[in-house]
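What follows is a short report on a single structure.
Lettered A, B, C, D, E, F and G in written order, each chain numbered from 1.
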Amino acid sequence: MTLHDFAVSFFALALTGGLILLCIAFLLTVVRILLGPTLPDRVLGLDVLTNVAIGFIAVIALDSGYTLYVDVAIGLCLVGFLATVAFARFILSRGKTESAIREARVGVDAEAGLEGGPRP
Amino acid sequence: MTGIEATNGYIALALPFLAAALAPLLTRVLGQHAAWPLALAPAAAFFILFGAVPGVSAGDVFLFGFDWIPSFDIRFSFRLDGLSTVFGLLITGIGTLIVLYSGGYLAGHKDQGRFFSFIFLFMGAMLGLVLADDLMTLFVYWELTSITSFLLIGFDHHREAARRGAIQALVITGGGGLALLAGLIIIRELTGLASMTEVLAAGDALRDSALYAPILILVLCGAFTKSAQMPFHVWLPNAMEAPTPVSAYLHSATMVKAGIYLLLRFHPALGDTALWTTILPAFGAVTLVVGALLALRATDIKITLAYTTVASLGLLVMLIGVGTETAIIAAVLYLIAHSLFKGGLFMVAGSVDHGAHTREIDRLGGLGRAMPITFAAAMLCALSMGGVTPFVGFLAKEEIYHALEYADPYYIALMIAAIVGNALMFAAAFIVALKPFVGRMPETIDHPHEGTSTIWLGPLVLGIAGLVGAMFYTTYHQLFSGPMASAAVGAPVEIGIGWVPHLNLAFALSMATVALGVVIYLLSARLRSGIAGFLAAVGWGPDKGFDQAMRGLIRGAVRITRLLQPGQLDQYMAVTIAVIIAALFGPLIYTGGWPAIPEFPRLHFYEWAVFALLLAGILPVVLATNRLTAILSLGIQGFAVALIFMLLGAPDLSFTQFMVETLSVVILALAMTRLKLSVADHRPLRDKIRAGVLAIAAGSGFGLFLLSIAQRPFDRTLSDFFERYSYAIAHGRNIVNVILVDFRGIDTMGEIGVVMVTGLAVLALIRIRVGPKGARYPDPLEETP
Amino acid sequence: METVLSLAVACLFAAAVYLLTSRRIIRMLLGVVLLGNAVNLLIFTAGRIGPSAPPIIPGGLSVPAGLIANPLPQALILTAIVISFSFFAFLLVLTYRTYEDLDTDNTDEMRLAEPEDEGLPPLGY
Amino acid sequence: MEATSPSVEYSLEMLKAEAMVTGPVAASDYLIVLPVLVCFIFGAGLLMMRKRVSQQAYFAIPGLVLLFAIDVAVLLKVAAEGPWTMMMGGWKPPFGIAFTVDMMGALFLAVSGFVALACGIYAVASISSTERRYGFFPFMFLMMGGVSGAFLTGDVFNLYVWFEVLLIGSFGLLILGSRHDQLDGATKYCFLNLVGTTLFLIATGYLYGVFGTLNMADIAIKAAAMENDSAVYIIGVLYLASLSLKAAAFPLNFWLPASYHTPRFVVSALFAGLLTKVGVYALIRLLLMLFPAEHAGLAPVIAWIAGLTMMVGALGALAQTDIRRLLNYMVIAGIGTIMAGLALPQIAEVMVAQAGPAGELAAAASTAAGAMQTGLSGSIYYALHSIVVMTALYLTAGVAASLTGSSSLAQMGGLWRSTPLLAALMLVFLFAVSGLPPFSGFWPKVALVRATIIADMPWLAAAILVSGFLMTVASARVFALAFWRPVPEAVEVAGAEGAAVPAPHPAAPAPGLYGPWSLVPLLGLVVFVFAAGLSPEWLARLTDVAAAGVIDPSAYLSSVFGDAP
Amino acid sequence: MRTIIFRTVAPYLTSLMVLFSIFVLLRGHNEAGGGFIGGLVAASAFGIYGIACGVGPVRRAMYFHPISIAAAGLMLAVLSGVASLVVSSQFLTGLWAFPEILGSEVAISTPLFFDIGVYLVVVGAISSIALALEERDTD
Amino acid sequence: MTMLLFNLVLALMWVVVSGSFTLLNLLFGFLLGGAALYLIREEGNMSYAGRARLGFSLFLLFLLELLKSAWRVAVMVLSPNMNLKPGILAFPLRVKSDAEITLLANMITLTPGTLSIDVSEDRSTLYIHAFDCSDPDAAKADIRDGFEARILQVFR
Amino acid sequence: MIDDLILILAGLLVLAGSAFAAIAALGILRLPDVYTRMHSASKAGAVGAGMLLLALALTADSTPTALRALAAVVFILLTAPLAAHLLAKAAYSVGYKLGPESVLDEMPPPRPTNVGTDAPNSARNPSPQPAIDPS
């Protein structure tokens, strides 16, 4: 096996391995997003999902040879950041945590902020 | 007709409309005296038509017209024969008198100009109706009479009764008109006959057609509603809400005769069948008797007259239904006579009202001294109506009894109806024409007075005309009734009846009628209370029925509308989706365009993973009770879609999808910052089931159809073209972008239009607020430098 | 691939319909987004899934080197994405304003344009 | 940015000859895009000057005049020369987007320009400065751009785009004012219409999947070659569903009565005139012209839709208290009537099938074709009439409401006495909408009844007549209650049940609308109503040509592909 | 959001992103990108700027009202289509010129202006939406 | 002057990113960069020299610390029982300018085990979340002597 | 030769980057509270994506593409700490508590901000976890 062959097959293997890891990463982040329990947790999940997607795009670009996909990755960087910023802003302006909302709900019932936490 | 004569015809047709246009102006300038110049219009039309009489009486038929709507094969054409010419003469002649009468009657009325306009419009419509040859021309005028009578009846619109009368007339005659339209169109499309002339020339074509019965019934619907046959008669008495000149005009010469005209017109083509001789006499006889009884019952002399009109119309329909030559002659004679005396009597009633300020028969009496001319005119008309010789009414009544004198149960029944009806009408005539003028004048009447010349001129002329017509009956028959009857029979007829009574059965019956009439007149008060009592006991009538029908219609409409338009978006949406599902599955099942069962797809594991990611995103969006989970999951599925696009070679799409999806989630979250959404946000199980069923059906429908399409061969010509010329001509390597800005640039132009408007619309939504809240958000434009 | 995509489209449509028939506008909004994605994937699939080479002509050539993905559906979808995003933004703000002013996101309770307690129209004349 | 230059001039020319429409374009050919361009340019221009609220009208009205003039010029050109096509970007058909205008498109275009002008003039007095600042005129221009584009385009996907343009423009107009009932109405309108438009896009996606093309002429040719294809049939049904929603045909008409009465009167007027008719137009274009065979199969369904729509509309009109909501239903009834004419072509098939051997066959087919043409011509005529009359009715009702301070039939009154001209106009429009002669609605109705009778669908003819009758009743009631009746003093409540007395409609424009800004457009509209009623031939001839062009689209096709496609 | 850290970085981030958006716009004709995506990137940039520093600075930064920018973009797109009238070709026909500026050939074309129009419309409209929403939030 | 330099940096980045190394493109990039900077003209308050050094000397440090940090996180996440003693430290700041505070905060975030949460209103304290708060004073000292000192060196 | 080595290096980067990404994902799943999870997201996540982009830059077929990949890396590094900071600040000022295993909180309790319009004060968390030792 020449170095070249090794390099090529190692690279191919790395790509497969990378894709497997990234798929696992997708799964795990999705679980966090769905589990929450708090809004910041979910936002964090989305942030990681963005990063994983960026990585996924990079690997697919390597795999398929269409390196121009890097532009998509850049775009995702931008909006990923925007999303996190916006959600941070959202958390801040909502001004309440889920538990606070739940407490308020017990008292007032009808009105509360955007609902939070998972349901029992 | 030669060209000049056709021009004259058009002029005659146009004159009333011209007068209608001028009336408001003239009235403003001349006040009530405007009646004189305005009356010139119908008078001129009268003389123009009169010019056709010699030819017509010799059996000529004058046709003129032009292609109105060649695309629809519709002509604007007219036919002057005996029937239409005499009708036209009645309309314009009586019309002239009515106009003059209106000048006096409504003197000083602030809307007199408007009134003149309406009555001229009506006159023009009526004239066009009787002269029309093309079936559609006829119908246009027909409906015009409905519209204009709506305006005339509702003239005193501040009174609810007037509005009701107007609506009732429009509803009944308009409804009948639509039936007539259907009938005419069927005639037209079934037989190709487009005009009266063609219909009359076609012989038995209509009678033999398969659709004879529907045609007849539809035409009769039109005629009966217009001519106030039971039970459609209700609108006519209620139309008395109109000013008296209108009543005189509508209910003597014109509108109500439109139906009679139609029957006479169609008699040669549709008549003399079992259906015809059954339906018409039946309706006519009932209408005659009931109308006459109701006339007796009324206390308002205008109403009395109105019901006698109903009765007369019944008599006419009955005669036309009998359809023999004599019967048609009788009908024609009665029609002319009725036009003259009834027009006169209505005007008399108006004069009485005008002079004594009441129309209640119990409060009238002794006016003869104060209003001698009116009294004279009234007597002339009443004698004609009563069938006393030497008036035209006598000629008619004689001929009627001639027409019915057959020893046959059918004719005997009709004869009895005729005698009873005539006797009642005789009594009614004198109740109106005699009772107010003789006897003691009630004290309630203050300063009764004769009206101006315009007011008494009309009835007087009509009364005298009735006398003159009978006196010179040969000329009368030769010029008017003969040609008219010939046209209605469809063959030349001779009329011999004269004012000199002959001792025969008819005369005897006439005498009997008069005798019976006198008795009824004398017993009228008692009869009146008797009928009134009977009606009160019944407690219901078609008039009440009309209100009930209207209310029922509206209530039913409300019920249906509320059912169909419940005001709830989710129901609207569910129905919409259901329709879409039906639109998918209906034809799929009907045509059997199911996809073939696909083989198991071979995908890379990471492709599966992306699809799994998609599913992992979709499910929580649907199922999560927590909205934020749903929103973030929306982001997940959006990312998955973007990744799918990337895996399948669509970087631009992927790029855009990532951006758009993230932005969607972001603004969704931003906008929801302030929403204090209610917590109790569960979907009832029933809703879930409904939504689930719809969802599964819609999803599988779209998916299956997509699969079946994807299994077909594909024509890639367009894309090949784009690939070929994208760089070579459009200088772009990104084919997608070249499609967007060049190949299909105008799509993009529209698209950015959407984007721009969205920005503006959102701005408008956020900035414009109702109420004090708005003050908190000043327009930022004020702040910008 | 078309099979899986058809399935994905079916799922997206089903989810969209499920949400659109809800009484809560927020859910309906989510449905609108899903509907947009469903349609985009539908158009993409209708244009057939061929080679996954992006439709970009490499430098130096004047036509694509080999087979490429069908560019036309991509362009159509781009237009559709933009439009559906615009509509989504509009609907979102509309919902937001509606909620602000009407105090509900339940469409059953929004009965201002078609009030529930309407009387009969005048039955007289 | 890459600097590229054509290496060999000459080969580029050759390629261009291959791919592009060669030869110079006459300036007059540009007429076909000008309606859209004028709308976009004026819309964008007005937006750029949106701060100068008071001056907007000085630009908007000339813009609308220009639009109408162009529309008329297009109509005249089509009448003189037949259909013509411009390929956007100069790409050969079917590769570029074709703008093709035939008589039907030109007629719709001209009438839409007409009512837009009327509404624009009316808006000068009735739209507040806040609403102008937030884009009344730009919304209107963009919406008109969408409407014009829809009438002109010869590309299915492009039609979708124009639908969206007009839809978003209508959204903007609908919410302008942000009153509460407006928000509610807009919510329903927006969601349901979005679903409808999306369905259109879905059908277009499928269509592309089947034909691989989006050009209408191309599709027509390809569809003719593949009759009885189930996919095409389904696509036809999907288009029918989506366009029925756009046209507010039963049972997809909910959005209209839920929303049309909520914005400003002038906006309702514009909507009532145009939006639903665009749906009808597209239905004719797509279903009748592109898929005649599929349409023949669907004709019975359309007949049912038409009949029920008429009934729902007419009964709905009877059930309303508020004059605007009443008018909403009249729009629907009108749509039903129009659809009746689209239900006919089935008989071509039926009659040919029923006709005996050889000789009769041709005769039967020609009768059938005659019915189709009469019916379609009647539909187009009726649609044009409906555009004008519905606009006019809402505008007139707007003035009436501004004078009486209410749009409720229970509260309006006295207008016949106080403003006879307005009342007379209202009366004419009401009679016209009821289809009474001698106004514009009568002749198409006659044509439709004739066609349905030829087609042996007496019940449909009856439905047309009965709905006309119910509309007459509703019209007479409106006139009697709102115009004849004196102003109710302590609003007398009609009916034993005691009708609720709604508060004055807040959307009623301020008093003082009765003036030249409102009467001039109304008088303009009434001229059409009379012209199309008293002397209908000019219009009938045009609609006949339009209908013939749909039934036999060869002129349309050859304008796209040249004489030898 | 009142944080020194974000406010310090955001402006530079914004200008970087705007630059990137122009890059995406200009090269969209040849590679992934184009007016729409570019516009979205720029609008996102202004969004970040707005969140970090408030709406006022963004409005001042854009100078024109965003909606006017969008309108100008639409106008530009339409006019770049009308340009083909001048050379008597069909509407929207791409016109290309390859002038040499400072030694390098530059492609100037109506599709380019068209795409710039798209960019401006998207920037204007989306920023307008974002700013309007943001303004409501911060009061 | 500051702006001019940053503008030049932007122009260079433009040339790099767009991949066309021509004078025209540089000019174009400069123009575009200028336009982009014009948008944020209100914010230019950093010193010229500061940015120059910031650009070059601290960047590598960033990278290195980042890698270490990621590794630490990885090890911790993968360890079977995470022995955490997390908490929030209040770190008294010596650096004062916006740029310095920002830089410090971001570096702290990217260094192992710490994450900047906020700066107090009076800019005197930086609140830091740390994985290991068993000895807060030592942690603070680490930062004070490490990053903060280096930043002060670079900037002053 | 050089190309092969670069390829191997790229392969290693791919593996490492993917691993970091997966670890970041695992981290946010395993770590106890939002603040500790932020460490994982902002560091491992950013490094993971960065490494993968670096791998892309190494093997890219054209310089501009490679430079763009590097630019993306820079951008990630620029924004990752910022994002973490913003999220952490927001979470803390709104009152999200530290996890129970936390040992220290020297940050003053969040004061009610005026941003969230009508958040009643009673509904806020008056102070962080009382279990914390205020050393």
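One rule holds for everything that comes next: contacts are C-beta pairs under 8 Å (C-beta built on N, C-alpha and C of every residue); 3 or more make two chains touch, one makes a residue touch a chain.
Everything numeric in this text was worked out from a predicted model, so none of it was measured.
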> Just how many steps, at minimum, does a route from subunit B to subunit F need if it may pass only between touching chains?
Replying inline: 2
> Of all the chains, which has the CA centre nearest the overall CA centre?
Replying inline: D
>> Let me check something: if the centre of a chain is the mean of its CA atoms, which chain is farthest from subunit C?
In response: B
> Which one of the chains is farthest from subunit D, going by Cα centres?
Replying inline: F
> Considering D-E alongside C-D, which chain pair is linked by more C-beta pairs in contact?
Replying inline: C-D
> Distance from the CA centroid of subunit E to that of subunit F, rounded to the nearest Å?
Replying inline: 29
> When the centre of a chain is set as the mean of its C-alpha atoms, what distance in Å lies between subunit C and subunit E?
Replying inline: 25
> Could you state the distance in Å from the CA-based centre of subunit D to that of subunit G?
Replying inline: 55
> When the C-alpha atoms of subunit A and subunit B are each averaged to a single point, how far apart are the two points in Å?
Replying inline: 69
> So which bits of subunit C are touching at least two other chains?
Replying inline: 20, 28, 42, 45-48, 52-54, 56, 72, 76, 78-79, 82-83, 86-87, 89-90, 93-95, 97, 101, 107, 110-111, 113-115, 120-121, 123-125
> Multi-chain contacts in subunit E: which residues touch at least two other chains?
Replying inline: 1, 3, 5-6, 9, 16, 20, 26-27, 30-33, 36-37, 41, 44, 47, 60, 65, 67, 70-71, 74, 78, 81, 91-92, 94, 104, 106-107, 122, 125-126, 129, 132-133, 137
> Which residue numbers or ranges of subunit A touch two or more of the other chains?
Replying inline: 19-20, 22, 26-27, 43, 45, 66, 68-69, 71-72, 74-75, 78-82, 85-89, 92-94, 113
>> Which residues of subunit E touch subunit F once you look at their complex with the stated criterion?
In response: 3-5, 7-9, 11-12, 14-16, 18-20, 22-23, 26-27, 49, 53, 57, 60-62, 101-104, 106
>> Please output the residues of subunit E touching subunit D within their complex, sorted ascending.
In response: 26-27, 30, 65, 67-68, 70-72, 74-75, 78-79, 81-82, 84-85, 88-94, 98, 104-107
>> So in the complex, the part of subunit E that touches subunit G is made up of which residues?
In response: 1, 3, 5-6, 9, 13, 16, 137-138
>> For the complex, give me every residue of subunit C touching subunit A.
In response: 52-54, 56
>> Applying the document's contact rule, which stretches of subunit D touch subunit E when the two form their complex?
In response: 1-5, 20-21, 24-27, 30, 33, 37, 40-41, 43-45, 47-48, 50-51, 86-90, 99, 138
